[in-house]
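Each of the next two complexes has chain A plus one more chain, namely chain B in the first and chain C in the second.
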Partner chain A sequence: MSALRLGIVPALLLALTAVAQGQEPRLAGRVPEPARTQVNAILTAAHTGGLPTEPLIDRALEGAAKGAPAAMIVAAVTRLRDELVQARSAFGETASTAELTAGASALRAGATAASLARLRAVRSGKPLTVAAAVMADLVAAGVPADTAVGAVLALASDADDADYLTFRRNVQRDIALGASPSAALAVRIRAAVSGADAAPSPGTGQTGPGVPRKRKP
Partner chain B sequence: MTEQDDSLEPIIEILREPAVLRADLTDRVMSEIERLPLPGPAAPNPVRWWRRGWTIRLTPLRGLGLAAGLAALLFAVRLGGRPRVGPVVPLGARAMTQFVLIAPTATSVTVVGDFNDWSMSATPLERAGGVWSVAVPLGPGRYRYAFVVNGAIWQRDPEAPAADDEFGRANSVVTVGGT
Partner chain C sequence: MRPRGWRDGLALAAWLLGAAFPLIAQTEGSLGVGASVVRYDGFLTSSAFVFAPAVRFDSPRLSLAGLGSWTVFETGHGVIQGSAAGSWLAGSSGSWRLELSGSAGASQYAGRSSAAHVLGGARLHVFGAGITRGGWIGVNTGASGETSGAPVEVTMAGWAMRKRLALLGSATWTWLGRVRYFDLVGAMRWTGPHLELQASVGARPWARDPVDERDVVAIAYGEISAAVPVNRWMALSLAGGRYPSDPVRHSLGAAYLSAGLRVRTARAAPPSVPLQTTGVLRGRPLPTEKDAPPLEVTGAEERRILRVRARDLASVEVMGDFTDWLPVKLARVAPDRWEIALVIPAGVHRVTIRHDGGPWSAPGGTRLERTEFGEEVGILVVP
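So, the complex of A and B:
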């Protein structure tokens, strides 16, 4: 038996033991105690409750990579867990991990659980990940939360992921060129709803592609 | 002149007469030639085709490809008696996402984020002049990330939207769509 194989077998056994004991092996050696124990407890409860644990692990690892103190890591993981719970109640039990993560981001940005539920209702049967992510991105770009939520909901029935990403890119470009976030959003949402292929960028005189209008049968 | 010479004289006289050729002789000869079948390959012989040797020329690369294909086919047949079709992964399920940072004076750049467990060694960027870049396959989702320059300096992507940060170091965010 080679040395490599001799090393792999104990490592696998250790990993399996850690999983069986409710410990996430990726946290070992990276997340300091007592944060690791507390995060593992949160992960176990989340798993039992049917919540995805991967976003929580990512948040803990992010904190560890950035050298955050234990209390800050636990607080961040706990907060994200609460947001995932809210997102799941809005999006439904069948929502994917990506959808819940994006929904949590939108909640963090200022969207309400009711607006996420509205998004779910309008986009019945369509993926929610990008729509919810664009909500968060627009707020991060300086658009007021309720305005960003309204814009995403206005496009919700027709837009696909590419439309949302184009819309967000255009708004952010207009802001980068000097438009106010609210003005940029207002112009782009008008162009998107009217189906204009090119809309003037507010305050810049430049033009750019708008969100293509969907033809309804 | 002898008696024998006298008997040959009429024949000689005939042969001395000039030959008279018909004026259309050339046309008639050419038309006869045109009627003849053209020379070409012999009619296909099925027996000869089966007994004939063949030479197949392959480059080493094509030979390896052919061998790999045959091996895969044999493996599939051994698995279930016929080639199996795995789960269909829709195109675009994972999009190659390019991360780029302009850092002419950097000696190393890595990208850390939700897609690589925030590992500082998992995804190093490659340098081309002063531009550092790497392509990462990502499925639909919203991913937070940051660059780490020279192993110590955290830097958000100036070309991407900012993300919320709870740990005191700025993040960026990339959103990958699926439709």
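So, the complex of A and C:
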């Protein structure tokens, strides 16, 4: 057994013991009391309930890194836990941590649990992480939530992750060039569905990916 | 003076020397409002609204000026600018006089990008008989934003005046780090009882910008403007043309057409007052991507490379969920490239970045999310 393995095994055992005892070691020394005790309680409950704890730990560490007060850290972790619960309800018990995190992010951006459930249904057996993230990005770019959900669902049966990322990039470019979010989405969804997403943007005369395009100041 | 550039400063200096240095001290305030259509180099055409207050003080030897402006483009983005300038003319010594000057300016675009410059200079003037013609040689230097090394501008100019007409010709060499260029400008001003006309033509026949870091290119340009006094307090202005980039003062080149109204404190319009509604458009509309360079992610999960392309930085750090929210420094692997290898699983991540120990902010290319903690993070999708 190598020295490395000799070192890792005790460390893992210590960490597992700490988690089993409701003590996340990464919070020690960084998250102030009483937030640390409360966050540890949330982590224990989440672990028991089958929720991923890593995103919750990250959120607590984020608050600590930004010097947030204890109550704010606990509130942020609690809110994320609730979003993860909603996302799991929509995506199902088998959803990965990455999918649940993306779903939670989409919920925060304005998507609904019902729309996530529809995404799960349409993309049965396919990964949801990027699709949910693109849904959130479109809403954040100014596309109405219902419209963004509809667009992502329209692509859901055939698009892979790269298609979604290209679609998102093109919509964001059109918006940056001055198109309204809804108009940009409509143009790009038509192009994507027809397989011609490299079509010129309205009024630009320039084509899709790979061609640098100008925008308004 | 307005934050437009040294070549305008030269022209203004000539007008000041020839006509505007008054016999008594006087102060003037003014307020300009106007509308423009402008196309900055690298951008699409946009309309803009300009609001520009200004104040100036002139005495026989000293001239001081301050200008603020707020420009709003149709995207809703705005440029806020402020500048101040002063010029002191030393006592006469035969046909030769020395002028010392200084200027400073700062601008902010879209509430995020900012740029500033501080410059000082000296000119040696020579006057012909009757002060109807003359010339000067001058040098200007200082600091220009984040640029390493001081900018240097060397100018030779000559001017002549005939009643209502003034003519100016100048040649300027500029060094800014590895960027160098040369400008030739000819300008005229005609001042009538009910109209003031200004026009200029210029050329940048030679420009060297090794890696397009300042977008300086050889170019021809020209502008024309007209001001019509409505009464002693108010004047209408119309202007248009094209002007080149001025990297020393962080001004992009642009073509424009503008119309405006300027209200001033009671005094007859001096011939040296520029058309502010055109001049104040020359702020640098920095795209977000240029100020916050995109965070690139390549590689597989076990070894993702985070990359930032940026010049003139001393350090780049990232902090996010994949670092347990602890800062990690990127290594400079090329003069304009910073990288670090990290284990980052596929998924949606939260990340922030900072340059040179400054404030943490969302990297370019990420979705901004306002957090419960009162700050913004970037949402990064790693497929």
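FYI, the second predicted complex is superposed on the first by the 184 of 217 C-alpha atoms of A that agree within 3 Å, B and C clash if a C-alpha of one lies under 4 Å from a C-alpha of the other, contacts with A are read in each partner's own complex, and residues count from 1 in each chain.
The definition used in the following text is that a residue touches a chain if its C-beta (ideal position, glycine included) is under 8 Å from a C-beta of that chain, and two chains touch if they have at least 3 such contacts.
Remember, predicted model here, so these are calculated numbers, not experimental data.
Clashing of chain B with chain C is the outcome of superposition onto chain A.
Residue contacts after overlaying the shared chain place A:64 against chain B and chain C alike.
Shared-chain residue A:126: touches chain B; no touch with chain C.
Once chain A of one complex is fitted onto chain A of the other, the partner contacts of A:117 are absent, as it touches neither chain B nor chain C. With the contact threshold set out at the top, residues 26, 55, 58, 61-66, 68, 72, 75-76, 79, 97-98, 101-102, 105, 108-109, 129-130, 132-134, 136-137, 140-141, 161-162, 165 of chain A are in contact with chain B in one structure and with chain C in the other.
Against chain C, the residues of chain A that register as touching in their complex are 26, 55, 58, 61-66, 68, 72, 75-76, 79, 97-98, 101-102, 105, 108-109, 129-130, 132-134, 136-137, 140-141, 161-162, 165, 177-178, 214-217.
Per the touch definition, chain A reaches chain B in the complex via residues 26, 55, 57-58, 61-68, 72, 75-76, 79, 97-98, 101-102, 105, 108-109, 126-127, 129-130, 132-134, 136-137, 140-141, 160-162, 164-165, 168, 172. Of all the residues in chain B, the ones that touch chain A in their complex are 112, 114, 117-120, 139-142, 144, 154, 161-164, 166-169, 173, 175, 177-179.
Residues of chain C that touch chain A in their complex: 38, 40, 42-46, 73-75, 77, 109, 285, 287, 319, 321, 324-326, 345-348, 350, 367-369, 371-375, 377, 379, 381, 383.
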